[in-house]
Structures are given as structure tokens and as C-alpha cells.
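In the two complexes that follow, subunit A is the common piece, with subunit B as its partner first and subunit C second.
After this line comes the complex of A and B, so read on.
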């Protein structure tokens, strides 16, 4: 294959990575931005989404497309509900102290992984894609499903943005983010906002996982990479900045696609880590983050 | 209307209020004065439920409100203008107003009534609150609280750092609300500003009310001011 088409392929692969990463990382960023909680269990919520998608596909009779659509609705709801319960039962009682919540979410990560190991087992299991359409380009054929993932991720992110900026729930979230004591003084039930935000963050990871599972299989330890990459994206983009998260996810995803294709996946990870180090040294608040007051 | 009886409160291990007793009636303006650190802001935080009273009772029209979750207190008709304004700085003026209206189910009539008091805000609706001038920020902080149609209004040093014209506007607003029967607790450090609106003055020292005086006939050279506020 010539260089041009090869680059196009690399960019398309990168775009898929970027889309899934943007979804996952925006959940992490949202939770940190509004609750100031560094959620180490975020990768476990991602894994849970994929594992649940496998169960749905296994149990639901009928065509794979139907099972997949069901998983896309059901998994984020269940994972979100688990997250909301964890918030109310654990994080709230810790009064959202930063150090305590980090330790608590590490515990949560461990519990969720062990639960998945017992119920799902140690094997990686595939979930069938909802359709197998291939897009035939002049130089190569490309999975229509992967392109659908990009579109779906973009739509979900657009939805998140609309909720934050233009809905009543989003207004409550932003007010709580600015000043939770004053929010309470105006009748905002901050506990409920926090539970909702934690659920939404986890739900976003779950949606990302359901989208990716037909491409990469479900496994009880699959949450590690998304967690690490999400942190990388969020550090580069600026914790709590949705726009920064999107830009950084594109940057990391596309460069990962190009460097992995032309050189080696390991080199892509090394470069991403280097960029994080540079950002931490020269612009610790991230590209789009606000300097701490 | 609002009564505090024998309140103890503070921040964790730090006790600030000791047996504080105070009340304000409908249509009355109570000015609370006292040196920095006397516990004036802490008292307002105890009323609004931001900190819990360890002892004593707070009642609104005879109903205990000291045990309520903090977000339920404002729903009973208490509007709060915190010291330093505490606006939602990254939200627009319109959004800050909308937050104020949350407990009123976003009633348009209330919103129009409040904006009529502060027409300048109407020209700034799309602007971020933190980009407003100091005076405009204070207008917004008061407007946001008035959106609750409060029976009781708590104002914590609203004139701090403002120009005379703004101080007059705030005084006029307080007097308008008084005429409508609102009970107001106004924390105020300036003697002249306090005397121009107050029905009664409460002087706080060391977390309790040391003295309560009727404002009628009081002059700025009254000994209470030198004793409890003086420079």
C-alpha cells in the first residue's frame, strides 16, 4: 500500500481510539471537575460495561443487533446505578476528602474486578458486532462498525455537552461545581447531584466499553489501559475541562494510531507518557484547564 | 418570625457561638454588629444550615429548622446573601438568577419583580457573573436571594467595599422589603448605614449577643458603638 492510503488507515484507526478514549476520559473528567474526586475505579466501571454487554449478548435471544442495542442501553444504566450506590454508601460518608476517596476507589476497583472474575471468569470473551458491513475504499476495505463507533461516541459527547450547558440538571451540576455550600443555600440537593454525576461518569465509561467490546473482547482486567489513558488525556487536556478532554483524546488517539501503524505501539505509549511529563512540568493545569485559584 | 435560642455552633472542634439568642420579626430590620471574628457570619451559616448547631434551637414561624438538611432550609423561605457574595462566578447572570428561582419552580413573575429592582442586571444577563463590577455583583447576590421570595432575608456585610450610590441602593432595597413584611437580619459594620435602616441593633461579642438596642433615637456617638464596634 502507498503512503497516502496507509496514513489514512492509521488516522482512521486513531480516530476510533480517540472516540472511545474521549468518552471514557470525559467521564473521569466530569467526576473530577464537579466532585473533585479522583476516581481510580473508573477503569473498573469501563470493564463492567463490557462484561455486562457479554452477559446481555449471551442471554438475550434474537439477532446480535438487538442484543447489542439492548446492551447499549442496559449496561450504562446498571453501571451508573452501581456507581450511584457506591457514591452514597462510601464517598459521601468520607465527606469527599480527596485522599480518602482515592483509597476508597482503589478498594472499589478491587471489589469490582474480583466480582467480575468470580461471575465472568478469567477468559476474554467476544461480543458479536451488531452489523458486519464493510466500507470499500479504493485502497482498502474498512469496518463499517468502527466508523459507527466514532459517530456514536460523537453523538453521546454532544449529548453530554447539551446536558451540561442547556439542561436544568447541567445547571445544578455547574452550580455545585462552583460552590457546593452556596448551592445548598439555594435549595440544591448536592448529595443527589453528586450521586448523579458519579453515575453519569461511570455510565460514560460503560457506553465506551459496550462500543469497543465487539472490536476488542471483554476481560475482567481490561480496565487498566483505559484508566491510564484517561488519566493521560485528562492531565493533558486539563482536569475538569470537557473541551480539553476532547482535544487531548483526539491528540492521543490519532498519534497512537499513526505511531502504532508506522512504528510500534510501544513507541506510541512512550511518546504519550513524555507528553504528559512535559505538560506536568510546563503547564500543570493542562492545555485547557484553569490555574488553581 | 425567626428565633435562635441558646445556640452553640462552630467548625468541628472550634467552638464559635456560645448560647446565642436572637430573634427578628416580620417587617423588622435587625442589624447585627460586632468586631471581626465575633461570630456574625457563623450565626448566619448556622441559620442557613451550612453548619450544625450543637445545642439550642432555631425556629421559623414556630417550626424547628435546625435539624433540616441544608438544602431544605432555603425552601422554607430564607434568602441568604453571603459575605463576599459567593456568586456562581462561571455562570451567567441569567443562570445565577435561575438558581435562585429553583425553589420557586422558576416562576417568571418572581423573576420579573426581582429584575425590576435591579434593572442594570437585565443588561448583563448573558455575561459571566465574575466579570461584573463589585456593585453589580452585589446586586446579583441580592437578586439571587430575592428570587426565593424570602420571608427572612440574611445579608452578610452587603455594603463591604462598595460606593455610596450602591450603599443607598441596598438601603432602599432593604426598606422596600421591610414594607412588604420581610424579616431582615443585616450584618453591617458601618454605623451610619446601620442606623439608616435598623429597627433594632444587636451587638455580638465572642459568639454571643452582648446587647440589643432599639435604633430609634440612637446617634452614632452612642457608647454601644464605641464599646462593640469601635476602631
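After this line comes the complex of A and C, so read on.
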């Protein structure tokens, strides 16, 4: 294959990565932006979404498209519920003190991973894609499902944006983000907003996982990479800035696609983690953020 | 002058460990040697986290620096164990200073993420240079290379005594440190950085010093671990090994000299016991972390100190 089509393929792969990353990272960003909580268990919620999708596909008879649609609705709801319980049972009682919540979410990560290992097993398991349409370009064929993932991710993100900007729930969230105490004084049930935001963040990770699982199989340790990449995206984009998160996800996803096609993936990851550490050191507000986090 | 209860307590613990050398059955004998080496690592972590208030999620990098400095020197350069041990300690300290120079420009959550990222980059670097480090598979250090002076570190008895010796050194060093003026300043930084700055102490220098000492401890522990147990692998540099000392310190009591040992001991046997009942030992780690931050944020010794044993160092 010539360089041009090869680059196009790398960019398309990067676009799929970027779309899934944008979904996952926006969940992390939402939780950090509104609750000021660094959720280390975010990758575990991602993994849980994928693993649950496998269970749904296994148990539900009928065509794969139906099982997939069911998983797309069911998984985020269950993962969101688990997250809401974790928030109310643990994080709330820690009063969202930053260091304690990080330690607690690390504990949560271990618990969820163990649960998946015990119930799901150590093997990677595939989930069938809802359809197997193949887009034939002049140089190579490309999976139509991957392109559908990009579209689906864009639609979900649009939905999140609409909820945040144009719904009452979004208004409450933004008010809580602006000033927790004043929001409480105005009669907003801040505890419920927090539980809802935490659930929504986890739900977004679960949706991303359901979308990716036909491409990359479910595995109980699959949460590590998305967690790391989401951290990178959220930091580069500016902690808590949703728009920055999207731009950064696109940037990181595309460059990851290109770098891992042409160079060693490990090297790409080393460079990305170092860049993030240095961005945090020298520009703590992120590349797109306006004020210090 | 009042008897120095703190010093006697620590000497008593060391004496008890010496007695266990004779009394403990072989299985626990080996476990204790490992626990003491890990406790040195946790003590180093405690100096940064418990006393100075620096919650790092990247200490595995310093541990790995000691581990690999010692391991690679012995394996590839044919260096003797004493040289490797010293190199390991220095590597731990040097890497800690290098990371500190950058990471200490941040604080709080950003500090945690930056240290986590550096450690992750270090872990990936070890995998990347798999030709030398053999990545996840790791290096097995031959028995012949594990001689410290005339002491054979692969022998169980010698290993226990050397581990105890290093542990004693680290423990008394830690006690001396926290009783020294610098130790007081470290605690002052944790309690109120602004006020300490107003009193004329430079927070950056103090924290960097504490982190450097912490790195020396981690390097010592890493080098000792590699030479004593003969294995140097990338899994020992992974994020789990950054969480481990945090867990030990939280359990035993942050900001107490004996806390890391107690935490390592209790956690080690808790996981050991849980493994005999179920293979879900990660669950124990996770539940312990959550329970600790929820119900006992001060740990065992921290709670005891708050409940009356105020003299506990």
C-alpha cells in the first residue's frame, strides 16, 4: 500500500480511538469538573460495561443486533447504578476530600476488577458486532461498524452537551459546579446531583465500552489503558473543561493512531505519559483551560 | 531524665524480630524476611506521605530504580552485590530528586497524577528496553552473584539476618530523622505549609529533601529485594507497587515510625490468609483501602496514639 492510503487508514483507526476516548474521558472530566473528584475507578467502570455487554449478548437469544441494542441501554444503567451506590456509600461519607477519595476509588478499582475476574474469568471474550457491513474504498475495505462507532459517540456527546446546557438537570449540575454551598442554600439537593453526576460519568464510560467491545473483546484488565488515556486527555484539555476534553481526545486519538501505526506503541505511550506529566507541571490549567484547577 | 520509651519500644521490636529468627517456622521465616524488606520501602513512603504530607502514587519508580540499578549491574556488568546495593540506594535517591524537582512544582491532586505518570513512563520504559530488562519475564539473578561480602543472600538464615540488619538501620534512621529538627520541619510542612514558610523554611527544599530520603529508602528496599529474592521484573515497577506502601502505611498508621512494619505485617498475612480461603485476594486489598479511609484514616498506631499513647513516635 502507498503512503497516502496507509496514512488514511491510520487516521481512520485514530478517529475510532478518538471517538471512544472522547466518550470515556468526558465522563472523567464531568466527574472532576463538577465534583472535583479524581476517579481512579473510571477504567473499572469502562471494563464493567464491556463485561456486562458480553453477559447480555450471551443470555439474550435472537439476532446480535438486538442483544447489542439491549446492552447499549442496560449496561450504562447498571454501571451508573453501581457508581451511584459507591458515591453514596463511600465518597459522600469522605466528604469528597481529594486524597481520601483517590485512595477509596483505588480500592473500588481493585474490588470491581476482582469481581469481574471471579464472575467473568481471566479470558478475553468477543462480542459479535450488530452488523457486518464493509465499506469498500479504492485501496482497502474498512469496517462499517467502526464508522458507526464514531457516529454513535458523536451523538452521545451531543446528547450530553444538550443535557448540560439545556435541561433542568444540567442547570442544577452547573449551579453545583459553580458554588456548592450557594446551590445548597437555594434548595438544590447537592447529594443527589453528585450521585447523578458520578453515575453519568460511569455510564458514559460504559457506553464507550459497549461500543468498543465488538472491536476489541472484553477482558477484566481492559480498563487500564482507557483510564490512563482518559487522564491524559482530561489533563491536556484542562481539568474539568468539557470542550478541552473533546479537542484533546481528537488530538490524542489521531496521533495515537498515526504513531502506533508507524512507530512502536510502547514508545508512543511513554512519550504521551511524559508529555502529560510535564503539561501538569508547567501548565496546570491544561492547554485549553483558562484558570488553574 | 525520663526513660526514652520510644527508643526502648523500637529496640524491643528489633529484639523480637531477632528472637523470631530462631523461633519462627521456616515458612514464616521467609515471609518475615520479605516483610522486613517491604517495610523498609513503606518506611520510605511514610517519610514522604506520613510525615511530610506528600501523597505520591509513583513510588514504584524509586523502588524499581533501586531494583534495576542493582539487578542490571549484577546481571550485565558482573558487579558484586555490595556495589549493586550502594548503586541501588543512590539510584533511588537520584530518581526521587529528579522527579521531585519537577513534580514538587505541583501539589495535591496534580502531584499525585504527575508522580503516577512518571512511574507509568518508567514502567513502560522498562518494557521498551526489553532486550536488557527482559520486561515482564524479568531477570533471575544467579545464586553466585548474590554474595554480600562473605554472606550468601540466597541462604534463608543469612537472608533473614541481613534483612533484619537493613531493617534495623532503616528503623533507627527513621526514628532519628523524625526526632531531628529537620523531621519537625517536615511535619510542619504537612500541617501548615504557609505558616512554615512564614517561619522562614523553604517548602520546596524541605519537601525535596524528604522525597530524596524517601527515595533512598525505596532504592535500598528495591536493591535488597532484587538481591535477596533473586528476581528483577517489570511487575515490581507497576502501579500496584506504588499502591502497596500506601496501603501498608495507611493500615499501620501514617506518621508513625512502626506503622509501616505493622501495616506490612498485617496486610501480608491478611492476603496470605485470604488466599487460602479464596483466590480473590485483590478484593481484600480493595476492601482494606476503602474500609481504612472510611473508618480508620489514622491507621492502627495512629488511632492508638490519638487514644492515649501520645509519646509514640
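Quick note on the criterion: the second predicted complex is superposed on the first by the 287 of 293 C-alpha atoms of A that agree within 3 Å, B and C clash if a C-alpha of one lies under 4 Å from a C-alpha of the other, contacts with A are read in each partner's own complex, and residues count from 1 in each chain.
Operating definition for what follows: a contact is a pair of C-beta atoms (placed from the backbone, for glycine too) under 8 Å apart; a residue touches a chain by one contact, two chains touch by 3 or more.
As the structure is a prediction and not an experimental result, all values here were calculated from the model.
Determine, for the superposed arrangement built on subunit A, whether subunit B and subunit C clash or fit.
Subunit B/subunit C on subunit A - fit side by side.
Return first, second, both or neither, reflecting whether A:99 touches subunit B, subunit C, both chains, or no partner chain.
second
Comparing subunit C with subunit B, which touches more residues belonging to subunit A?
C
In the combined three-chain superposition, what is the angle centred on subunit A between subunit B and subunit C, taking C-alpha centres, to the nearest 10 degrees?
Result: 90 degrees at the vertex subunit A.
For A:111 in the superposed arrangement: first (subunit B), second (subunit C), both or neither?
second
Would you sort A:267 into first (subunit B), second (subunit C), both or neither based on which partner it touches?
A:267 sits against subunit C, while subunit B stays out of touch.
In the overlay, answer first, second, both or neither for which of subunit B and subunit C A:186 touches.
first
In the superposed arrangement, does A:276 touch subunit B (first), subunit C (second), both or neither?
After superposition on chain A, A:276 lies in contact with subunit C alone.
Kindly classify A:171 by the partners it touches after superposition: subunit B alone (first), subunit C alone (second), both, or neither?
A:171: touches subunit B, not subunit C.
Contacts for A:58 in the overlay, against subunit B (first) and subunit C (second): which applies, first, second, both or neither?
Neither subunit B nor subunit C is touched by A:58.
In whole Å, what is the nearest CA distance you get between subunit B and subunit C after the fit?
Across the overlay, subunit B reaches subunit C at a minimum of 16 Å between C-alpha atoms.
Taking the contacts subunit A makes with subunit B in one complex and with subunit C in the other, which residues are shared?
Common interface on subunit A, subunit B vs subunit C: nothing in common.
Could you please specify the touching residues of subunit A with respect to subunit B in the complex?
Subunit A residues touching subunit B: 171-172, 174-175, 178-179, 181-190.
Considering only the defined contacts, which subunit C positions touch subunit A in the complex?
Counting only subunit C, the residues touching subunit A are 55, 57, 102-103, 105-106, 108-110, 112-114, 117-118, 120-121, 124-125, 127-128, 243, 246, 250, 279-280, 282-283, 285-290, 292-294, 297.
Sort out for me which residues of subunit B touch subunit A in the complex.
Touching subunit A: residues 48-50, 69-75, 80, 82, 86, 88-91, 95, 98-100, 102-103, 144, 148 of subunit B.
Residue numbers of subunit A touching subunit C in their complex, please.
Those in contact with subunit C are residues 38, 90, 93-94, 98-100, 102-104, 106-115, 117-118, 228, 231, 235, 264, 266-267, 269-270, 273-274, 276-278, 280-282, 284, 293.
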